[in-house]
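The structures considered in this document are given below.
Two complexes come next, and they have one chain in common, chain A, joined by chain B in the first and chain C in the second.
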Partner chain A sequence: MAQVALNKLVKRYGSYRALHELDMTVEDGEFVVLVGPSGCGKSTLLRMIAGLEEISGGTISIGGRVVNKVRPKERDIAMVFQSYALYPHMTVRKNMSFALRLAGKPQSEIDTAVEHAAAILGLEPLLDRKPKQLSGGQRQRVAMGRAIVRNPQVFLFDEPLSNLDAKLRVQMRAEIKELHQRLGATTVYVTHDQIEAMTMADKIVVMRDGHIEQVGHPLDLYDRPANRFVAGFIGSPAMNFVAGQLDRPEGQAFIASDGTRIPLPLPPDLPKDVDVVLAIRPEELTIVRQNSAMAFPATVSVVEATGPETVVIASACGTRLSVVVKERSRLRPGEMIWLHPQQDKVQFFEATENGRRLSV
Partner chain B sequence: MRDRRRTALIALPVLILVVLAVFPFLWMAVSAFKPLSQLYTIPPRWLPSPPTLDNFRNVLFESNIPRYFVNSLIISVGSTFLALVFAIFAAYGFARFDFRGRSAALAFVLIGQLLPTATVIVPLYIVLNYLGLINTYLGLILVYLILTLPLSVWMLTGYFRSIPKELEDAAIIDGASQLGVLFRISLPLVTPGIIAVTLYSFVATWNEFVFALSFATEKEMKTLPIGLAEFSTEFDTDWGAVMAASFVMTLPIALIFLVMQRMFVGGLMSGATKG
Partner chain C sequence: MTLRNINPGIWFILPTMLLLAALIVYPMVSTAQLSVTDANGAFAGMRNFNIAISAPSTRLILFNTAYYVIGSVVFQLLLGILAGILLNQTFAGRSLVRSLMLIPWVVPGIVAAMTWAWMFHTDYGIINYMLMQVGIIAEPIGWLTNPNTVMPALIAVNAWKMFPFVAVMVLAGLQSVPEELYEAVRVDGASFWHEIWHIMLPQLRPVLVSITLLLTIWALDGITIIYSITGGGPANRSMIFPIQIYVQAFEYFEFNRAAALSVVYFLFICVIIVLYMRVFAAQEKD
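Coming up: the complex of A and B.
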């Protein structure tokens, strides 16, 4: 088990900077998820930790040892790839034992390790099959088995679930989490799926354009996003944003850019005379049928019933807002409604594209 | 009804092609068993009656064909093996490593293939002569590399490129060296490509005429295609012997194709779509 630490880590491709001086620590035994849109550098970062990409600047240490110049096999890591990367010409058993055989371990030790990993993952009946005879979920398990067999200090996962169908993904998500709880190994997990990040991580690292936007516990990121990007990225349906101004003289309302007035007690420490963006989560809006002192008008556009909850997409304030309600809704498109924000949940961000959160 | 008409439309051209391709081969096989008198009859006799083994006896025991057969075998196997070894390393390098001048080098490999054979005979003769390699197995083996290596490199490069990079990454993390990755992971996965290259190289060198004619002038070094031509003299051609020798010469190729046919076709397909 080991800590993974990045110190001013830089990756350059020619003159292009893929990663900008990243600092981050993955504590011993922690499950850290790197999440961000495609092209944000999360996979590059993972491959640098693995030793598959050269480091252009800064350092990576694993277990207190700087590994910049250490070859992958000496870093004591194991990696699970998006495509599983199983060796097609080898049986499951051979796939799982490949690393141990290369390391010249005695056969008895190899057999024990493979059987043990197979037992954990329920792969015993499949040990003598070839990868092409396995289903997607089974291949995924073999890829994990190959990692477990080596008993590494650090597990690296590169979007391991994105090739699976939705149902299997949920199942494997739980299995990976369970595996981590059982083995307790330091884990770095890359995904573009914020739900995976939210459900699996001890700590989430949100990345964009080679920068780390925010690091924190999943619910902290959800409740107190550092900027508009994180606010919009974490959470599904995404957080609602309404551009506008504070109604300063009165201090009791937010005026959306289309003129809609949202009555709110404004926090006193907001900066004056700047454009701001009001943000509120879909489940923090309530639908009311009649106008009230604290509501603003909206028109229903789409109603999506998912079973346990209903997502109502409504036009309001010159934009589209999503509202999640627990009860079944009889609303029809075109219907006039009023939305009532939970006042203590409303947040404000600077109006720039990646505006910081204004203190609330 | 439509299906049957369509089948006919496909079957007819295929049939014509098959006849065109197979008839000379069959005629050769049949003629090899005919006595001399029946080779020239008009109208032609389709089947020899009675069949004779005289032509084969002539070719196998009274000519140099067995020696030429051995020469051809040594040279073809040798050059195919060398082509394979060089092509595997070159193609893997082209497919996997990013280095300065890679595409230029790959293009030059092919340009070598485009030169007309006749233009390189004199330079090659001078070089081989200087090295004392005229009339040696090694000389022809090396010359044949010029013939087969470029296309072999290109074919294998396509096959290596079709292997996902992640497989090799996984092997490297598992502790394999770069050579270990090549031999334990990539090479087994390009088996169809290896077979395709082997067949191509073997057939090309087995049939080669011009280089063999120029660089193997002594009787002990000549190859089968040259031996075949020797049955034609200024005044006469012993067609029966030519047919029998051709039959002998065709056998190894036919055998290899029969054994490897399925893999060869599979190999060509994946090379075509992913190369």
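Coming up: the complex of A and C.
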């Protein structure tokens, strides 16, 4: 197993810069998820680690060895592709043993490795089938089996679950996580799905427009996003943002842009004279039926019952706010309610598009 | 049954069926009829067949036909696959090369044949000239008059003429291969040769099976090149079945014997195609 380190890594396509001087380390045995909207460069980064894209600047090292000029097959990596890329004319067994056969390993060793991997993934009954006779989830497992068989230093996953239906995705998510706990292999996993990132990662790397926005443990990113982008990207339903101003000099309220007054003690270290955005997670708002000193008014727009919880979307402060409540709700659209923010959870960001988090 | 009860689908295919009947079924029936009658139209039983089959040249012609078809198809496939794979790689000037490659296929058969006939000419042909300049041969070779070189020369012309078709089909087939498959084998440790052997050729299989059948059929009825270059000579050494049929019918005016030869040839082709379908269509299923 090995560490993967990026040092000032750059990818250019002509004059277009796809990745801007990225620095990042994946520790030995760590499960790192690269997450971001499409076009953020996460897949490009993964493919550069695999050796399928050229490196325009900086270095990538695997296990302490700079691999910029090393061909994919000599990097000791295995990759699971979005489309699985199983060899259609080969049986599952042949698919899984292909790399070992190319490497000229003895047949007995190949058989042991394939059977071991097949046992881990429950593929034994399918070994003599061809890919088109398998379901999506089974193909996904074969693709993982093909990676495991090689016992590589690093596993790379490129959106491996995005072709599966929602239920299977949840199941395979757990299987991949379990596999990682079992093998303890260094893993880099690309997804655009922040829930996958949250549930699977030891460490999340949030990317946007070829930059790394934030690196950290999933819950740290959730609780202390570095900027508005990360705050909005991580979490579902997304974090609520309210544009407005601090009520200076009293410092006891936030005035939303439509004039709504949200009473709360402002942290003393907030910079003055900057436009700010108030941010609060949907589960950190409480619905109250009567006005109170710490609440602000809202009108119910939509009520979405999911079973374990209810998402209420309300118009307030000149925007729409989502509120997650644990109990079943009898609220009706158009009803007047008051929202009560948990004061210690409220965060502030600079009002610019990608504004930094302020204080707390 | 009234007109209304007839399946409406019948009306849609009827015009085509009538056209096919006039252009294919009628000539076939007519040929079969000619093959069992004599010049006066009287029933002749198998006599035409006996004469056609027992002719001393028939065995040579059969051999030549097989030689020409197998040689042509093998080299057309080899050259075409090679060209298709090369033209699927990225290199400067690729679109230009792709267009230029089509020239042999686009040139009319008769033009290509006459040009090659001149190039193969013993005394004035550029091929002998070049080989002698380089010193590979000491004196001119009679490519088209020597019984041992005439078939290879004609096969070369046919391979040259048709390989771009194979290349275009191979190229199209390769472009439908998902990029991720190449990447997967590269990560798995494959060289370019492995990519060809383990990804490209298996993925091209369905395409190759179809074009092999087409090439075989085209070689089996390929008259233009041989007839215009050698006319089947020297001494029948490049004579193949379709030309023999043509010569019998339109040079000797032996329509009944030509018809008998046609029927024999038709059955011969049917056997080849049925065998081919048996072998490859069966493999396709699994």
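A few points about this structure:
The working rule: the second predicted complex is superposed on the first by the 360 of 360 C-alpha atoms of A that agree within 3 Å, B and C clash if a C-alpha of one lies under 4 Å from a C-alpha of the other, contacts with A are read in each partner's own complex, and residues count from 1 in each chain.
Please note the rule applied: a residue touches a chain if its C-beta (ideal position, glycine included) is under 8 Å from a C-beta of that chain, and two chains touch if they have at least 3 such contacts.
The model shown is predicted, which means the values in this text are computed figures rather than measured ones.
Three-chain overlay on chain A, with chain B and chain C in a clash. Of the two partner chains, neither chain B nor chain C is touched by A:121.
Contacts of A:98 after superposition on the shared chain: both chain B and chain C are touched. By the touch criterion defined above, A:85 reaches both chain B and chain C.
For the contact definition in use here, the residues of chain A common to its chain B contact set and its chain C contact set are 47, 50-52, 72-73, 77-79, 81-83, 85, 87-89, 98-99, 102-103, 146, 150. Contacts from chain A toward chain C in the complex involve residues 47, 50-52, 71-73, 77-79, 81-83, 85-89, 98-99, 102-103, 146, 150.
Against chain A, in their complex, chain B makes its touches with residues 164, 166-167, 169-176, 180, 185, 188-189. For chain C in complex with chain A, the touching residues are 178, 180-181, 183-190, 194, 198-199, 202-203, 205.
Contacts from chain A toward chain B in the complex involve residues 47, 50-52, 72-73, 77-79, 81-83, 85, 87-89, 98-99, 102-103, 146, 150.
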